[in-house]
Amino acid sequence: MSDETSIESDIEAAIRENHPALITYITAGDPSLEDTKEYVEALDRGGSDLIELGLPFSEPIAEGPTIQAAINRALDAGTTPQGFFELVDDIETEAPLLVMTYYNMILQYGSEPDVKPFVERAAEAGLSGIIVPDLPAEESEPLRAACDDHGLDLVFIVAPTTEGERLETIMSQVSGFAYVQARLGTTGARANVSGATHDSLARLSEYDVPKAVGFGVSEGDHAAEIIEAGADGVIVGSALIDLIASSDDPSDAIDALEAKAAELKRGARRGTENEADEEVAPEPEQP
Amino acid sequence: MSDETSIESDIEAAIRENHPALITYITAGDPSLEDTKEYVEALDRGGSDLIELGLPFSEPIAEGPTIQAAINRALDAGTTPQGFFELVDDIETEAPLLVMTYYNMILQYGSEPDVKPFVERAAEAGLSGIIVPDLPAEESEPLRAACDDHGLDLVFIVAPTTEGERLETIMSQVSGFAYVQARLGTTGARANVSGATHDSLARLSEYDVPKAVGFGVSEGDHAAEIIEAGADGVIVGSALIDLIASSDDPSDAIDALEAKAAELKRGARRGTENEADEEVAPEPEQP
Amino acid sequence: MSTERERDGKSSRTGTFGDYGGQYVPEALMPAVQELEDAYERYVLENEDGFMDEFRERMREFGGRPTPLQRADRLSERYDREIYLKREDLLHGGAHKLNNALGQVLLAKYMGKERIIAETGAGQHGTATAMAAAHLDMPCEIYMGRTDVNRQRPNVYRMRMNGAEVNPVEAGSGTLKEAINETMRDWATTVERTHYVIGSVVGPHPFPKMVRDFQSVIGTEARKQIQEQASRLPDSVVACAGGGSNTMGTFHAFVPDEESAEPRSADDSSGQSPREHVDLYAVEAGGSSLEIDEDEGLAPNSATLSTGTDGVLHGAMTKLLQSTEGQIMESHSVSAGLDYAGVGPELSHLVETGRVTPASVDDEVALNGFHRLSRLEGIIPALESSHALGFLEEAHEDLGDLVVVNVSGRGDKDLETVLEETEKRDLAAAPDVEVFDQ
Amino acid sequence: MSTERERDGKSSRTGTFGDYGGQYVPEALMPAVQELEDAYERYVLENEDGFMDEFRERMREFGGRPTPLQRADRLSERYDREIYLKREDLLHGGAHKLNNALGQVLLAKYMGKERIIAETGAGQHGTATAMAAAHLDMPCEIYMGRTDVNRQRPNVYRMRMNGAEVNPVEAGSGTLKEAINETMRDWATTVERTHYVIGSVVGPHPFPKMVRDFQSVIGTEARKQIQEQASRLPDSVVACAGGGSNTMGTFHAFVPDEESAEPRSADDSSGQSPREHVDLYAVEAGGSSLEIDEDEGLAPNSATLSTGTDGVLHGAMTKLLQSTEGQIMESHSVSAGLDYAGVGPELSHLVETGRVTPASVDDEVALNGFHRLSRLEGIIPALESSHALGFLEEAHEDLGDLVVVNVSGRGDKDLETVLEETEKRDLAAAPDVEVFDQ
């Protein structure tokens, strides 16, 4: 891959071209796949530059309570990988789509435990990349190979504990963007931006790859702060799911999601303005 | 003592002279000491030749449920050794009285653990003997000495398991009469006379001492059978206590007790008549 | 287990310890008691037919002996001296009780008995006996007071699971004393084919000696272990005392370790100086108070050795909680296994002669002892054993530099009681129990 | 604990057993997992700073090791072959779990960690961890599903008594799977100063190997003991399997005892012929049925080795109970400790290669196994262990002349469950449970 990272992917392009980028996440099937379609389109309208769609897995060990609950709603609604892909087949957005799911879901797609059928189907459905919260670089070889074969990005997470040799290895394999985990712990909306975020971005500043920060981002002001601190994008999930979960009728959430995306995108932009005071926003280096 | 057994005691005399003898037992203080006085006099009128009065002890390990319950009633009514002796001081009967109690009650009477004060007071109250269900011959030395000093009989129990050397030792020390335990187990009215009774009496037939059979005797017919089998007396307790326990008003039991004593005495006599067919009733050998 | 026989074997008052002991039982039981005396001498004292070899092997394989002697790191730090715990809580069944139960059931088998009966209070002796009887294929019936049956359900279940019958005793207050009375009654009825497995160093001779001998493995092991681990004898040995079986079991090997004693015989393989002195502390249940309510016949404690007077109960002359008239008191302790108005005659004797120091701690001190060991050492002790641990907290300054405490059993059986009793009090050592009701 | 390191130490896929194992954890945990790997290699494999010496000493003194290997007289008679029981029920805490918990808490201490977390299902691993943490003075928090908290109260109390916090997990069905998920989340948050004590041979490398190594004392002792007591190796070794820690702990020393294996190295001090073959049986919970209800996501069993398919759960590739889409099933067993949808990767591998034979018995057979051991041998086994005993009843004819069964724990914790489940059924081996409500 190291030679392939030189070819800019849809995802990398989406981040660089729309800098500062907004990446949004919702869980597919929460509360139904039909609703998800409308929500994704709303997020797209609201200004998302990249959209992550969660394929629910019964043991979401990296998620906090908000996304756990969304996953349970999606599973209770009977969401399956097949239904998920059909949804993706159907969706029309400007923003490229990624799938976020756990490794076992990828392995079990198809008749044998094997990653290839999933990747093939993901490519066919038009997905641009995959994020797997329980797949560290050390175990990612088979999936990365399959993604390469089908031109999909395999996005790696960089945690506050990722340092030294491991950080180098991971950064040398980044495809799409580096998912910078804002803090230790699980996903979930937080009231502030953690110090760890600043530390991580500082640690990563020497690497010339797009960096997007997730885990806990819930407001426009967070987005501004994060972008200002040197990120290329912000990733927001739980804050959006809160909107879905709190709407009396599923369709009520559509406008709220669009508005929230817009607020976050504005916030991110504010970050660039402030940041612009200090240094010029990085330009895509390779066209 | 072996030389003292040649002097006939009140108790031995009461049995030999009234052969076949009726020995009755009730618990002092059940349901009150006043009632006990009346009951004892009734038993005396009914034909008792010897009366055992139980001084209640909290752990009556040799008693069955009937006498246990009587003891509990007596203790609940506040029966004390002092009250017991005052009752005995007061009672006028033809039949000699014995006290039946557990060893600890004897030991604790007086200021130090010592058997003497109890025996002294018993003699003073006019009691003729003592029966202690938890004092085997091996542990009886101190009490026997005290009894000898005060001319009281210490009555030993001969159980179905008492055999061989132990039987000899006990029989050589008998004072008053041998209390023949009719069966293994505890006191309590039974519906029949056990085979063990016949075996025990046969085993004892060579010893020339009065033998009275207790544990389970409840009816005139039992008395007859036992006397016929060679006993000199029958001991009845639980069957009398049943009468006390079942009477609505304590004074109702008085007549019943008298009548029951008379029935038992008649039964015992019937035993002698049948027995007379076979052999002559033993006569007191030493006047 | 050595010269006792000659001393007590055939005297006219067998089985006494000074003024204590004896055989105060109904005549019907005397032949059985003498038969047992004979079996005890042959099988236990003289290892006839390899009885003791089989006993020891079964205690190893079935029981889990030897139990460890553990240095208690955090208690040692807390008390600024070396504290070692003898871990009888690790014995099969969860208490020292199996040492005795297995010994007696095996002896009954050697004697040709066909049936086992036993009393139980909290259920520890009953469960140990039921386990031993199942292991040795003997029918078994356990008498247990109705009150105890109701409040010690898990132990009732355990006995039933092991195939024993459990007979609730309705008399009196439905606790241990009544259960013993009732077992004696059963024995008096069935004595020819039945052995009565008494649960402590109480009852008529030979029970106090025999039970002590079966339990003496505790102290024999501990004495050897402390010499190996600390290279000397302890300054003090502490054990709780109900009837006193874990107490005598722990103390027996140390009784000769007196400053004033004759030098140990030359074949003492320990190689230790004979002049090391070991203090022995028997810790009884102080209950809620050491005062006695004579009118009610209640002692709100079981501190027999400290406050009792001489008398006869359940076959032996010993110290008792009794009224001046001789009625036995209802004793009380938060710990059911210590809740008994009597105590072993040998212990009475050793207290009388000054060799053993009696002590007592109240319910609250014991509960704190329970919590302290649980939190500091990760060992949940029986409430009985917690009395020894409570005493350690109170008296450690007087116990010298090296102390052995016997943890006679584990506390799983006591959890409900401890929770209830803890909720009523403000205990220094307890975790916050309210949040347990999550 | 020997040559594994060289084989797996530094390959790109560390910690695999054939196709199984691995490190499927969130990136945030990888540094901790690697730090643990390093600590495992240094302290456990190389005994750095005398770690293993201290571990072994504490297991002796605190834990009560060695546990006996007991000839089961009445089972031997029943099955007309020699049956030996490895008595892990006698370990402190009442199950083999302490071997692992103490090892990991001690390791955490050596690593300079300040806090211990663990998941628990039935509460056995939680209580073992809480005991070990109290013993070693480490703050400890236990995650336990809400359903389990409610049905395993005594174990909740025990953990609290030992000073541990118990955090109920409200998610999902509130059982073990959810508790593991939640503990992983805590770990992902606090990983720098916290060690996660996993309760079985599951999870990411190095847990499966490390837990196996801590547990392997079971089989090491048993192998030595059977050679001493029966003068040869057993024909079969039987252990129950949930996650598989008692299983691997028992089997590990016997794995090389294969007919086809290379002769043992010359320094094998046993002096045994290398060609004796020992069959290994892992007995899983058959629950009420081996059928799976895909629609409901329910497996009414936990027979992962017999019926599972390969997948990734809780950090490792292994056999799982899962839907064809990859969702993990709710498993079921009458025994909470076996009620898990995964199994240790090494066991999956040994089953795949034919070295270990998987088996399962259903709830009823296990309950009969529980009652049978209780009544015949006076040992009340854990319901988990009762599966191994149920299998013995069913399959003894195929197990050869000399069989070792691991009794992984005691059944005190299971009494209520057994009573309830027994009342529903007509069990051949059960006592009459109705009369328990005297």
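Here are a few things to note about the model shown:
In this document, chain identifiers A, B, C and D correspond to the written order of the chains, with residue numbering beginning at 1 in each.
One rule holds for everything that comes next: a contact is a pair of C-beta atoms (placed from the backbone, for glycine too) under 8 Å apart; a residue touches a chain by one contact, two chains touch by 3 or more.
Because the structure is a prediction, the values reported are computed rather than measured.
Separating the CA-averaged centres of chain A and chain B is a span of 98 Å. Rounded to whole angstrom units, the spacing between the C-alpha centres of chain B and chain D is 67. One simple way to say how far apart two chains are is to compare their mean CA positions; for chain C and chain D this gives 35 Å. Here the spacing of chain A and chain D, counted between their Cα centres, is 38 Å. Touching of two or more other chains is recorded for no residue of chain B. Contacts between chains trace an open chain of neighbours here, each touching only the next in line. Listed by chain label, the pairs that touch are A-D, B-C, C-D. Interface residues of chain C, counted against chain D in their complex, comprise 60-62, 64, 67-71, 73-74, 87, 89-92, 94, 130-137, 149, 154, 156-158, 160-163, 166, 168, 370-371, 374-380, 411-412, 415, 418-419, 431, 433, 436, 438. Residues of chain C touching chain B in their complex: 12-14, 22-32, 34, 171-172, 177, 181, 184-185, 188-192, 297, 309-315, 320, 322, 324-328. Residues 57-62, 64, 68, 72, 75, 80-81, 102-105, 107-109, 113, 133-139, 141, 156-163, 166, 170, 181, 184-186 of chain A are the ones touching chain D in the complex.
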